[in-house]
Amino acid sequence: MSTVDKDLDYTSSEMMTVTAARALQNGMTCFVGIGLPSEAANLARLTHAPDVVLIYESGTLQTKPDVLPLSIGDGELAETALTTVSVPEMFRYWLQGGKIDVGFLGTAQIDRYCNLNTTLIGDYREPKVRLPGGGGAPEIATNAGEVFITLKHSKRAFVDRVDFVTTLGFGRDGKGRDGVPNIGKGPTRVITDLCVMKPDPETKELVVVSLHPGVSREDVIEATGWEIRFAETLESTPEPSARELEVLRELKDRTARAHAGA
Amino acid sequence: MAEFLSLRDAVARYVEDGATVAMEGFTHLIPFAAGHEVIRQKKRDLTLIRMTPDLVYDQMIGAGCARKVIFSWGGNPGVGSLHRLRDAVEKGWPHKVEILEHSHAAMACAFEAGAAGLPLAVLRGYVGSELPSVNDQIKFIECPFTGERLAAVPAVRPDVSIVHAQKADRAGNVLVEGIVGVQKEAVLAAKQSIVTVEEIVDDLRAEVDYHPNACIIPGWAISAIAVAEKGSLPSYAHSYYPRNNAFYKEWDGIARDRDTFTRWIEENVMKAGGNA
Amino acid sequence: MAEFLSLRDAVARYVEDGATVAMEGFTHLIPFAAGHEVIRQKKRDLTLIRMTPDLVYDQMIGAGCARKVIFSWGGNPGVGSLHRLRDAVEKGWPHKVEILEHSHAAMACAFEAGAAGLPLAVLRGYVGSELPSVNDQIKFIECPFTGERLAAVPAVRPDVSIVHAQKADRAGNVLVEGIVGVQKEAVLAAKQSIVTVEEIVDDLRAEVDYHPNACIIPGWAISAIAVAEKGSLPSYAHSYYPRNNAFYKEWDGIARDRDTFTRWIEENVMKAGGNA
Amino acid sequence: MSTVDKDLDYTSSEMMTVTAARALQNGMTCFVGIGLPSEAANLARLTHAPDVVLIYESGTLQTKPDVLPLSIGDGELAETALTTVSVPEMFRYWLQGGKIDVGFLGTAQIDRYCNLNTTLIGDYREPKVRLPGGGGAPEIATNAGEVFITLKHSKRAFVDRVDFVTTLGFGRDGKGRDGVPNIGKGPTRVITDLCVMKPDPETKELVVVSLHPGVSREDVIEATGWEIRFAETLESTPEPSARELEVLRELKDRTARAHAGA
């Protein structure tokens, strides 16, 4: 999937997952998207944040899967949940009801204002590529306290203008949340396999705040579809610890074994 | 009052060409057996409603049952695209299929409103999303108390809803357990409903795992019950059998190609008995 | 995250004079112990919300805690009137109490909307009733899809909700079982919440009667948990103790007279320990 | 409570309950009010309508209490129910969702157009008598398929003009349901200890259609606060059967014994 960094004993994928995991604090309630967010959220739970509360849109509240789910409603999620509620209750009482600290999302496309596109590439009526659609994201992004986004860095994903705003970041002009009542803070960080970005407090444009070890500014510029900005004091993302890598690899091994069987 | 019918008779009686049909089950308890029966009976021009179309609608769309699909996330979970859905929407094979697209929150609320007998659902939703620009069923209203702008969508009120559940008892009462999705709402929102079940037991209240607040749909709120063992494979049934993850991956290869797909349907659905 | 407090400390911390308070439990699991603690701590000017005020609010109103009562059925169930409520509304003793009156359907929807984070609830309600003429919180809106006129009421969003439940575990997760009323909605709709429980167990999921879809409120959605054994007497706790019907009848005599009432409160609430 | 009819082995109260019970057909779903309606509905279940589905607003679905509940949420109701749902679900999915064939209500006051008052006697701001209020009735009366009403006949109850329309019958002018979409048929019969009344199909004014044995037109006129009309062919209500009386008395005895204990 990803290449091993030359001098380091971990892949850029692992770097991304570990960094995304670290964003979650113990005790937070997290509405988890499937795929990369789910991997990061469970790594957090298995390392520094044992009491992070993981919630999946299938209605599974406070779930502790032993292996990563393939779908948002795997049996594993229900069997390890504190309790499982209906999907309407999940979206109404738990998400819209304001019980979610952070929504953790992936995406196919993202722009400089963190708007997300998971609907299609091309024109809506004549799509070049049809993607799955909104799912839970449009309301997770507005009803959760804040939003973390994690995805691989590439020019296809980081585009100057998303083909469709499925899910609000800060709008086409960065002002999409201004004056909207009862709305969350929106995206507060984007974690990729190259860096960590945060929206500028004023303009809401994404700014690289931290580069992963071994990654250069040019690597990021190269993989971004707009003229990406860098923070004045650019940090270096801390490396994964041995324990984080061990736990992550065990988790992925367990997952592979479990899903190979079925 | 629920009538116990064969799946064949239940689909023949309640799924009419041109009907609006909701087949629910949120990754769990997906009514595949019923979907295959709909394909075998060559139902046509259906408006298919489902939050996550999944393989079951991919198969029905590819087999030519659908005229329109209303959904909120159309992928093969954990794998990728629904190729038959895409082929129908993008290339019009086997014929053009119209789509109407929502978010999960809106569809969940729309099912809830349907069950609650309301014409609309109101939610804090679609803020800043461009979905309202491509779905004219999304409107906005003003709260008469706060002035807040809120999204409104029409309630889902299908002609018939079909769901799969673990058990029914002889009085037709149905137990749904584990991830309950919007199945109860789908049944209550519909004019008619078919519930397929893994097994029939004497009396749900006498079962060892009976719980006073379990998710039970009374028999008098259901039109027909049909036994369909393993009726939700390749999805799963909590406490009965796990998801067949391998098949979800295989499906990607089968559904990518029209001919492979057609052969698969012919061999695995059309030639199968009432219980494929 | 739920903090384990004594009932005294929980009420002292979360129930402020002038607050809007919902104490729920629909004939079942009525939080009497908490109500008595509110009386003992002489809380004043409360806006009390409850579908069925019952004896618990009759006592609090008579003891002078209430400024306003929002309700939908104000009687002594199976017996007759709530004399303290009536005396306050009709004669202004111990001081004038304002009432705001709904139907059950509207209040249930208002709690539901509060839990769902909405500013309003929409329902097919109040058609032809004169309640809207005496309650200016009842408005009507037009469905943007069908043109139908629908009732709208503001969501219930209390400063603090107090409910009683069977069990909590050490992580603060609470189980409600049997008639669950609007307790979950009351807790989720409120800014702060206190749950009194019959007992603390190690882990709800490890209990023999654990059910995957049981009505459980997670500890992180609750402010404080306080043990109050027999905390809902004279109402009842499913699988713990029955309703004290005799006391409901006796109350009619006690509450009819201001002096008898005052003596009863003095002896049975004020002089009682933290667990009356 | 009620006097025994001179020549007959049952009371007028029993006559009322038996007649009210007979109105319920087997298999109907009935949203049951506490008190007289609950007594009648359970008698129906224990005699000719074993599969009548009794639903109480406390959330108890399809309940089969062995003794009559004192309150709408007695433990007995939950323990004998098929399942128990939340009160919001009860009012939203089951009542408003159109699953109820008949709402069975009592009342303090009723007028010729079947409007019910359970709010107060006198003026709203200066009540002479304050009653409990609407409870479930306002929406039961409009969202159930039809409504049965049972109460004792007296001039205090059957008034020319209710002091307050808590719950719609047919409105002050009999036209309150005309043109209202998605509304039930409203009251279709009123059963008292003297007679059975039905609304006139045109004007919706209550008409006596059946007199209980031993009751005269004058008895009804005397106990009604307006000029009550009688059907052209006035029927005589069939007497209770020995079995109905036996079951009813056993039910009330069981109830008295059960509630005396607690």
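Read from first to last, the chains carry the letters A, B, C and D; within each, the first residue is number 1.
Operating definition for what follows: contacts are C-beta pairs under 8 Å (C-beta built on N, C-alpha and C of every residue); 3 or more make two chains touch, one makes a residue touch a chain.
Bear in mind the structure is a predicted one, so any value in this text is a computation, not a measurement.
When the partners of chain A are compared with those of chain B, the chains appearing in both lists are C. Steps from chain A to chain D, taking the shortest chain of touch contacts, total 2. Chain B and chain C, compared by their mean Cα positions, are separated by 38 Å. Between chain C and chain D the centroid-to-centroid distance comes to 28 Å (mean Cα coordinates, whole Å).
In chain A, the positions touching at least two other chains are 78-79, 84-85, 92, 96, 143, 182. In chain B, the residues that reach two or more other chains under the touch definition are 117-118, 123-124, 146, 148, 178, 180, 184-185, 212-215, 238. A complete list of chain pairs in contact reads A-B, A-C, B-C, B-D, C-D.
Chain B makes touch with chain A in their complex at residues 26-28, 51-52, 71-75, 77-78, 81, 85-86, 89-90, 101-106, 108-109, 111-112, 123-131, 134, 146, 148, 178-182, 184-185, 215, 236, 238, 242-246, 248. Chain B contributes residues 117-120, 122-124, 137, 139, 141, 143-146, 148, 150, 152, 154, 177-178, 180, 209, 211-215, 238 to its touches with chain C in the complex.
Listing the residues of chain B that touch chain D in their complex gives 1, 115-118, 173, 184-185, 188-189, 204-205, 212-216, 218, 220-221. Those residues of chain D that touch chain B in the shared complex are 27, 29, 53, 61-62, 78-79, 81-85, 92-93, 96-99, 143, 182. Contact residues of chain A toward chain B in the complex are 34, 57-60, 69-75, 77-79, 84-88, 90-92, 95-96, 115, 119, 124, 127, 130-139, 142-143, 164-168, 171, 176-177, 180-183, 259, 262.
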